[in-house]
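Shared between the two complexes below is chain A, which pairs with chain B and chain C, respectively.
So, the complex of A and B:
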């Protein structure tokens, strides 16, 4: 449409069209607000229940005391430490392997070959596999079966690492891809090898994105109960893990166990442990957001 | 395909090798200093291109280029968009190798040495033959680290301060940035960023600097600073510049090569070199009517 010579017809019809459009815009906006309101209401109700039930039982005893059959003196110390142990194993496996795989796929794998695309596609698929499936796999191959480690910290860490590996790989690939090609070319033009370019230019520039992805992946891992229950992690563990071969429990399993008990006190404890888990998750997400804002590169 | 076999080093003319710089572009292979072989009889010739074709996958982008690039001069490559100037320029430092599907055939002799020979290490080639890009592309690092990056990846650890100061001084940027070397290179203005990129290229002490439309993203003042800088640098470096700007080519260059895209019978558009001459001759008395048409059209 030419601005210099608007034809009379379209100028005359303009107001009618815009009224119709304004109505449909309005309707669409209302639908959006309702959807948002429903989602928010659900979240608020959930949080309200958790805090209302759990706050009375929330306190340092959660991480000071071991679980007990008496809800009045029970805590979740072994679950807190189990969570930390398992998470440490998960991070130390998933982070290097995930970043390595992402670097390979983005920087070295031949992009035009069918097998590269096939691998990438399957990683996407793995990200959508239900966690219980990882649990079954872990039970059959790692906890028992050929590797036969038993339901210990190492097994739990490996399972959760497998579970979040696709997330780490996908987030890292995206972060690496966001580094402009001109940076690589500038580096090559100075006589840097591909490895030097990746190590000294691409990875440092991608660190904020990768770190954000890693933290989100670990927040996913920290909330998982199903695959760990599947491999036979215990629900009642009155001691902290002492090594990779220790029996363990984690916060979600502890919550799951308490919620199933008839006593009122355990229900409160379960909600209190939920608050603790939420606080940890919130802290991790806050770190992710801070990292992103602090180091994000605007090209 | 021309001259693929390794040049016989023993045949190198002793007197000539005294005059030409010592070049070692190989890695892991024991070689004597390679000197003049083949066609580059004139030590004033840095590049000698013969029968050069570049393909991207199945399509040919430039064909049959013959051109000599003289030392310590500014050679301008001009011509309409898409005629393969950038493609041709990338042949000089083997950055076409980095483009999947790109294939270079024919010969590019660098001081008489076949740049595409089997023993040549492209990484070493890129260290000797620097490049400045169209859009300034400083690394997301400090100004200091931008300049020190090249020496560092080439293994230099000591004396970096001097290298950085010297390179920034050569690029006419030192006075503007000497108090903020720790600041990000991305915080500079466009023109300063481009001079930073030039400093970065100079820091590895190259022999040749290739520039692909280095001023097209800059304002006229920044452009004229870069032009002054190029003229200043040609005392020590051989410069090849692609430019869209006729006035720029006329102002700074000594020799000018005019490229155009020819439509082949098959319907493909192929970049060819129409003519090369002294810049003055190209702009006043070109021998090819296509050059004349382009230049008069461009100057309006």
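So, the complex of A and C:
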């Protein structure tokens, strides 16, 4: 579209184009630029405010010190480690299952069968379920109820894995679909079975796309607080997790806890922890972009 | 469908491959991965229905859906859900009135006006907004936007620190990238021929955008709108932090309000004894939330599928 559009005005400037029409054209563009500007302004204001408030309190103590009731000596060490633990569980569940599901749906599922369409539709709809509902599910089924794990690292990791699973599946499906048929045909022609083709040709070719999707999914998981609040992740945990059955807190919950405290020192700490969270997210996204640019193949 | 050697042992003319039972097993495992998503849906529904049914054995469903007094955790408990539904609606309206017009404007700008290079530069910036954790948005709403709302409030009493408007406005900024990116997808799916035809008839860019591109992409834009509403209804952390925790049967966005999601989260942190009516309330409200968002998502997916058939 935009290949054509920018030049049309100069090429086809019709003499009868009235002043009113040209004015409305300009005004419309201004409205569009303003709405775009609002989005940018929101981003800039948010980043500016968080950095302006948080930078004075930002420092190594955030990941060196445990939370305390005194904001001057408080840190978020347990939350940083809790985040890493939960994320590790989430990744080790969501990545293999998500890729497995994507491989099945793209390579093996009979496209004309009702259950294939049903599964695909179901994944679409799961992606739109509010995260708090996953929290209710976790509370009723995993933290308490039949599985009864309690509010521990494993529970948090499972809930977040289920939450981001649709994202991993949808991104992996797209990456697998982007691998051209000719590569599969070549592999079949050499006598490989479908599974061998998937493992040795399709998956390696799709890795950059899958990795990008996985990182995006994990960065969604790292920022989630609501479902973990539901399963009873604690706001005050002055120790690191020692295993999957350990009680835990994560950075977003620590931030939430600090926001709720009246002292000015905790407001600053909350902003400092926001900076830390944003820095982790930025690093993850940078890796995703680098992967995409480094390994992306165009067929 | 491509015929794969060995996939059919009775195939004449090719070497008969040995049966690969291991592969069958692997494919079975892959199927289980895909089927897990169905299990999750079933699990969600199963976790919601029994406690909800038990809840309605204790509380009249009609009183629940039409009551205007919400105090399920107090003595005496009141179970009229309308105040928190109202809170959800007010916050959603605030969010949508930011996200939809400005998101659509952003989409039209990116797809109809911006040159490819500009677009390539600007799009990731907008997408950055979508990646910011909601708890940070909540912090921003409470500490930065709320003072503005308090100072600039035009009529009557100035709102308190916690108000639905600041939560809604920030939620609007959060949802804006989604609206923009879905609408842009819909706009760029409109065939170039339609626009070229309009230009050939002497239309200005404004006329092409508003009378050709947007109407042609309307179904996709409606889908984006519905999905945005669903997102706003289901968002938790921003309202939990910035909208206050008082159920409020009011349409005034300057007042503190509780939404359905914020109630669930607040009740979930409260360590309610399992099996109490208060505990079951979480599930009743959760069911309401799930049904509402699920219907909107299904509706939106339907529209998207339908318009894809038209142009592809």
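In this section, the second predicted complex is superposed on the first by the 267 of 299 C-alpha atoms of A that agree within 3 Å, B and C clash if a C-alpha of one lies under 4 Å from a C-alpha of the other, contacts with A are read in each partner's own complex, and residues count from 1 in each chain.
As a working rule, a contact is a pair of C-beta atoms (placed from the backbone, for glycine too) under 8 Å apart; a residue touches a chain by one contact, two chains touch by 3 or more.
Source: prediction; values computed, not measured.
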Exercise. What is the contact status of A:186 with respect to chain B (first) and chain C (second): first, second, both, or neither?
Worked result: first
For this session: Check whether A:130 is in contact with chain B, with chain C, with both or with neither, and answer first, second, both or neither.
Result: second
For this session: Please indicate which partner A:244 is in contact with in the superposed arrangement: first for chain B, second for chain C, both, or neither.
Result: neither
For this session: Mind working out whether A:205 is in touch with chain B, chain C, both or neither, as first, second, both or neither?
Result: first
For this session: Pick one for A:88: touches chain B only (first), chain C only (second), both, or neither.
Result: neither
For this session: Spot which of chain B and chain C makes contact with more residues of chain A, would you?
Result: C
Exercise. Thinking of the overlay built on chain A, is A:287 touched by chain B (first), by chain C (second), by both, or by neither?
Worked result: neither
Exercise. Which partner does A:147 contact after superposing on A: first (chain B), second (chain C), both, neither?
Worked result: neither
Seminar exercise, completed: Shared chain A footprint, chain B vs chain C, residue numbers 185, 188, 191, 193
Problem set entry | Of all residues in chain A, those that touch chain C in their complex | 1-6, 8-9, 12, 14, 16-17, 21-22, 24-25, 28-29, 31-36, 38-40, 42-43, 45-46, 49-50, 53, 96-101, 103-105, 108-109, 118-119, 121-126, 128-137, 139-141, 144-145, 162, 165-166, 169, 184-185, 188, 191, 193-195, 216, 219-220, 222-226, 229-230, 232, 252, 255-256, 259-260, 267, 270-271, 274, 277-278, 281, 285
Seminar exercise, completed: Given the complex, residues on chain C that touch chain A span 2, 4-7, 17, 20, 23, 26-27, 29-38, 40-41, 43-44, 46-48, 51, 98, 101-106, 108-116, 119, 122, 125-126, 128-129, 131-140, 142-144, 173, 176-177, 180, 188, 192, 195-196, 199-200, 202, 204-210, 227, 230-231, 233-237, 240-241, 261, 264-265, 268-269, 271, 274, 282-283, 286, 289-290, 293-294, 296-298, 300-301
Problem set entry | Residues of chain A touching chain B in the complex | 110-112, 180, 182-183, 185-193, 196, 200-201, 204-205, 297-299
Seminar exercise, completed: As the complex stands, chain B meets chain A at residues 93, 95, 98, 100, 123-124, 126-128, 130-131, 133, 135, 137-141, 149-150, 152-154, 186, 197, 200-201, 204
